[in-house]
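Handing you a structure now.
Note that the chains take the letters A, B, C and D in the order they are written out, and that residue 1 is the start of every chain.
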Amino acid sequence: MQFLYSGLTSGSIYGLVALGFNIIYNTTGLINFAQGEFVMLGGMLIYSLFCVFEVPFYTALPLTLLGCFIIGVLYERVFINLARYKTEINLVTLTIAASIIMRDVAMHIWGRDSLRVDDYIPVVNVQMPGGVISSQSILIIAVSMLVAWGLNMFLKKSKYGKAMRACFDDQTAAETCGINVRSVRIMSFAVSSAMAGIAGVIISPITFVTYDDGIMIGLKGFAAAILGGLGNFWAAVAGGLLLGIFESFSASVIPSGYKDAMAFFVILLILFLKPDGLFGRKKATRV
Amino acid sequence: MKRLNFTFLVLMACVLGYIGTQVTNEYYIGVATLLLIHAVNATALNILLGYTGIISIGQAAFFGLGAYVAAVLSTNYGINPLLTMPIAAAAAFVLAYMVGSPILKLHGNYLAMATLGMGMILYIFMNEMDFITGGPSGFVGIGDIIIGKFDLADEKSFFVFMSIIFMVFLLVCELFDKSFLHNKLKFIKNSESACRSYGITPARTKVMVFASMAALTAFNGAIFTFYTHFISPVSFSFKYSVELLAMATVGGLGYITGGVIGAVLLGLVPEIFSAFEEYEMIIYGGLLAVVIMFLPGGIAGTLKRLVKRNA
Amino acid sequence: MLEVKSLSVSYGAVQALSNVSVHVAPGEFVSLIGSNGAGKTTLLNSIMNIIGKSKGSVTFDGKEVTKLRTPNIVGKGMAIVPEGRRIFSNMTVRENLEMGGFKRPAAEVKTKLHQMFELFPVLEERQTQTAGMLSGGEQQMLAIGRALMTAPKLLLMDEPSMGLAPLVIKEVYEKLKVLAAGGLTILLVEQNATMALKYAQRGYVLENGRIILQGKASELLGDNEVKRAYLGKEYKEKWER
Amino acid sequence: MLDINNIGVSFGGVHALSKVTFTMPDKGISALIGPNGAGKTTLFNVITGFVTPKEGTVKFSGEDITGSRSEQVFLKGISRTFQNLNIIPELTLRENMYLGFIGKEKPSALATMMRFNRGYWKETTKRINDCLDFVNVTEYADMTPGSVPYGVLKNFELGRAFMSSPKLLLLDEPAAGLNLAEKENLAGMVRKIQSMGICILMVEHDMQFISSLADFVVCLNFGQVIAAGTYAQVRENKDVLKAYLGDEDA
């Protein structure tokens, strides 16, 4: 059971990052390889505001998310919008370039050391059937589920959320309804950045933050998105949770160093057997 | 069949000859050797991505595989270094062939993910199987390549060796590029369905190309081993795969010259900007971003267009 | 109301439209007919700026809209029912209609929704269903409804008959007739020449990217040239017989 | 030549083709007509192995080719063109022409690269030039497709499909987007190819084009055959008039 709890914790984070991948993929058909960097950025911003400038946590949190949101907008404006030749491979490589830049800028600002974000909630271990779970883990799981639920509500109920879904379905048709697809694209970058920022904030007290954290968490989130199948929000969350649980169980049977290898191994296996992800629908190919 | 681009070949030979005979600074020669190694890797990736449309973000793993196979075989089992190179290549070929058959059925982002996953797995194994690879602290005590009575221990003789390998490689690439074989790959990249209705089986061709380029990269990895005499997983991480991707893209996808230009340019960044060592990666990323955003076809493609316009 | 002046569009080396001029007066029902690949869809998409133009100008209601982006053109009071309907198939029928009213205030959307349900009772029955599950004819109604939700003065229709059974086509055209009678201006492009010309007041014939004929719909319907272009050379003989 | 027997295809519950049955004559030019979305291109995809039918069989010269992969279908002698031309933008037309036979003759990769088989390539180059000549694109042979008129590209594609000397040539809307002069020119070429003993099946909308070429016409509507026979027979058919050509009181 203990493995289940730790798996759920890391899995929630993967799911959150996978959601971010999904939002951008749905509006632009693009994999944003800088997604992990936004998680790192969230951790770094909360560290600066909360631990260095000692801003009260409840002020620091919205400021951090706002920061991620704004950087997300800038990111879209600078890298994606300005690119003259928007082929898929060009844009994907561009996001990789952007991630390199973000990582290094972060290194210059915050240095190479792991930074510890102080606990902002009381740390207690809760006795659960078959093991203990820390209050931080509970927070992570709860917040992730809340964000996933909130995103779902936003997309289902609000006018702008519906407009985003319309763009996922058919961008040209959305334009003929008077929806400005460009703003929706900017919005999707901003929202997914803010979501990554939340992930960064909630994990930072447990894992610390380092400037190059983004690579691994980005890859795992990407893996979770692929595992679930791109283009499906709940599948992304499920993919994340599955990946997390699987990782933590595999750590019990094989040396922990191979944990990450196992995760990728399973993803490869799933891609071989079901090329559109576990819950993905097969896209009709036109000849 | 088209004529070979002799200007480029001769130019490269002259540059290499000049460095080999005139430059005495060992450090510069070392940099030149490394650039050649990068250039071979970047060109191999370019053939995958620029010609065939296979996006591979796991090339560093094949490079590392070759390096470790050569290191282990020559150091622990006393096999002649020259002999370990084809063995390393064969090992990578077999692995890539096996992994490639299912992977290459995927497209776009899924293919990227699969190659990336494969790269990560190999990287983790390099780190964790410390009883063979020495783990994160690296593999030490690798010998020299000895050809007859020449011991390629010093920078200069190794550079000559690498230059010869590189020129042969470049010649083969040119032959490939001008022989209509590359057209077949571009057909596959352009439309697999059209290819199939003309009797070409894209899957088979793609696996062959993927495995061949893996073998080439591994061969190159073996050379790298005997040049540095010390290898550790850091050299074969995700970061190096991305650097290769950047070299191929900046240089120009779909041009043989592209991989070489990209490797030289991006390989030199750390040297030229050594005064700003701290900012090396920012310059690197910025250069990559600017080229992608404003120069389609990379530097080679842009040069070609300029030449055409003036002609 | 709509004035298209010497519009040209090319894709790479292909000249899809050359020097096309079309005008539509307020309250008119105009049909533009042409065979597959004549450039009909290109014309509508270019007017709406879904695809770019290489030359020419478009004025709507006396204002130049040549360079406006699609959502802004929609805001000016022009709406399009695109080729192939392109409804949001993963959203419900009601949500599809609401998207059409994206730029309108909430109160207006509400009243408009009621109007649509009155006009197309079938949509009211199915309002909570996923739009992708509707039949072809119902999807066409939904697409028209969605376009009407933008409160247009001019409606552009792209091949409403495509892929529909003859009976359903008739139903769609009857709805258009009702809308036209209610004062809506309509510009329609269609491959099904007979149908399109029967309901319209005026018509244009597009061939290989050029307007080759124009005039009263009834006259065009009787024109041998039109029969030749649409029904083949042999048909000309047949009709003349 | 081609026996289509009871073919049924459905995509996600929608019947794209149902119980499609007809036999194409052993020689001459046949045409497939019908409104947009009637399933003409789907039928092409079934014949060329891109779509596997739910039921039914396709026989080519008496041999069952249902479910064969596209490559195999091609090697059996069926070549096709596409609506979207599939010409590679960065290569010249001459280079693009190589796709036409590379899959059939499979010249050895290594020998080609090392230039051991110069004789073979010399001969092939000559064949390619002949083919370019045949479809009147020699003058554009060394240009990239971006700078060549659309009509020329259409001719080029016909030439490439014909390059592998197939027994049956499938043309997907060969006349779409062409002007009158180009259509006449194309019709002449199709005739010439047919006179070499190659069978042709085309999907086409231009009735004039069909009337002057096709010996056998099949009309599809809603995935079903509503008429098949000579051009005159199909033209007189009531259902065809109603569904496609437009009846006076439709």
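Annotations
Throughout what follows, contacts are C-beta pairs under 8 Å (C-beta built on N, C-alpha and C of every residue); 3 or more make two chains touch, one makes a residue touch a chain.
Predicted model, so just to flag it, every value in this text is computed and none were measured.
Seen from the C-alpha centroid of chain B, the farthest chain centroid is that of C. Contact analysis places A-B first among chain pairs (by count of C-beta pairs in contact).
If you average the Cα atoms of chain A and of chain B, the two centres end up 32 Å apart. Chain B and chain D, compared by their mean Cα positions, are separated by 42 Å. Between the CA-based centres of chain A and chain D the separation comes to 48 Å, rounded to the whole angstrom.
One finds 54 Å separating the Cα centroids of chain B and chain C. With touch defined as above, residues shared between interfaces to two or more other chains in chain A number as follows: 287.
For chain B, the set of residues touching two or more other chains reads 193.
In chain C, no residue reaches two or more other chains under the touch definition. Contact residues on chain B toward chain D in their complex (touch as defined above): 1, 172, 175-176, 179-181, 183-184, 186-187, 190-191, 193-201, 254. Within the complex formed with chain A, the residues of chain C that make contact are 48, 50, 69-71, 74-75, 79-80, 82, 86-91, 95, 98-100, 102-103, 146-147, 149-150. Interface residues of chain D, counted against chain B in their complex, comprise 48-50, 69-71, 73-75, 79-80, 82, 86, 88, 90-91, 95-96, 98-100, 102-104, 109, 112-115, 118, 121, 125, 160, 164.
Within the complex, the chain A residues that touch chain C are 159, 162-163, 165-166, 168-170, 172-181.
Within the complex, the chain B residues that touch chain A are 49, 55, 99, 102-103, 105-106, 108-110, 112-114, 116-118, 120-121, 124-125, 127-128, 193, 238, 242, 245-246, 249, 253, 278-279, 281-282, 284-286, 288-289, 292-294, 296.
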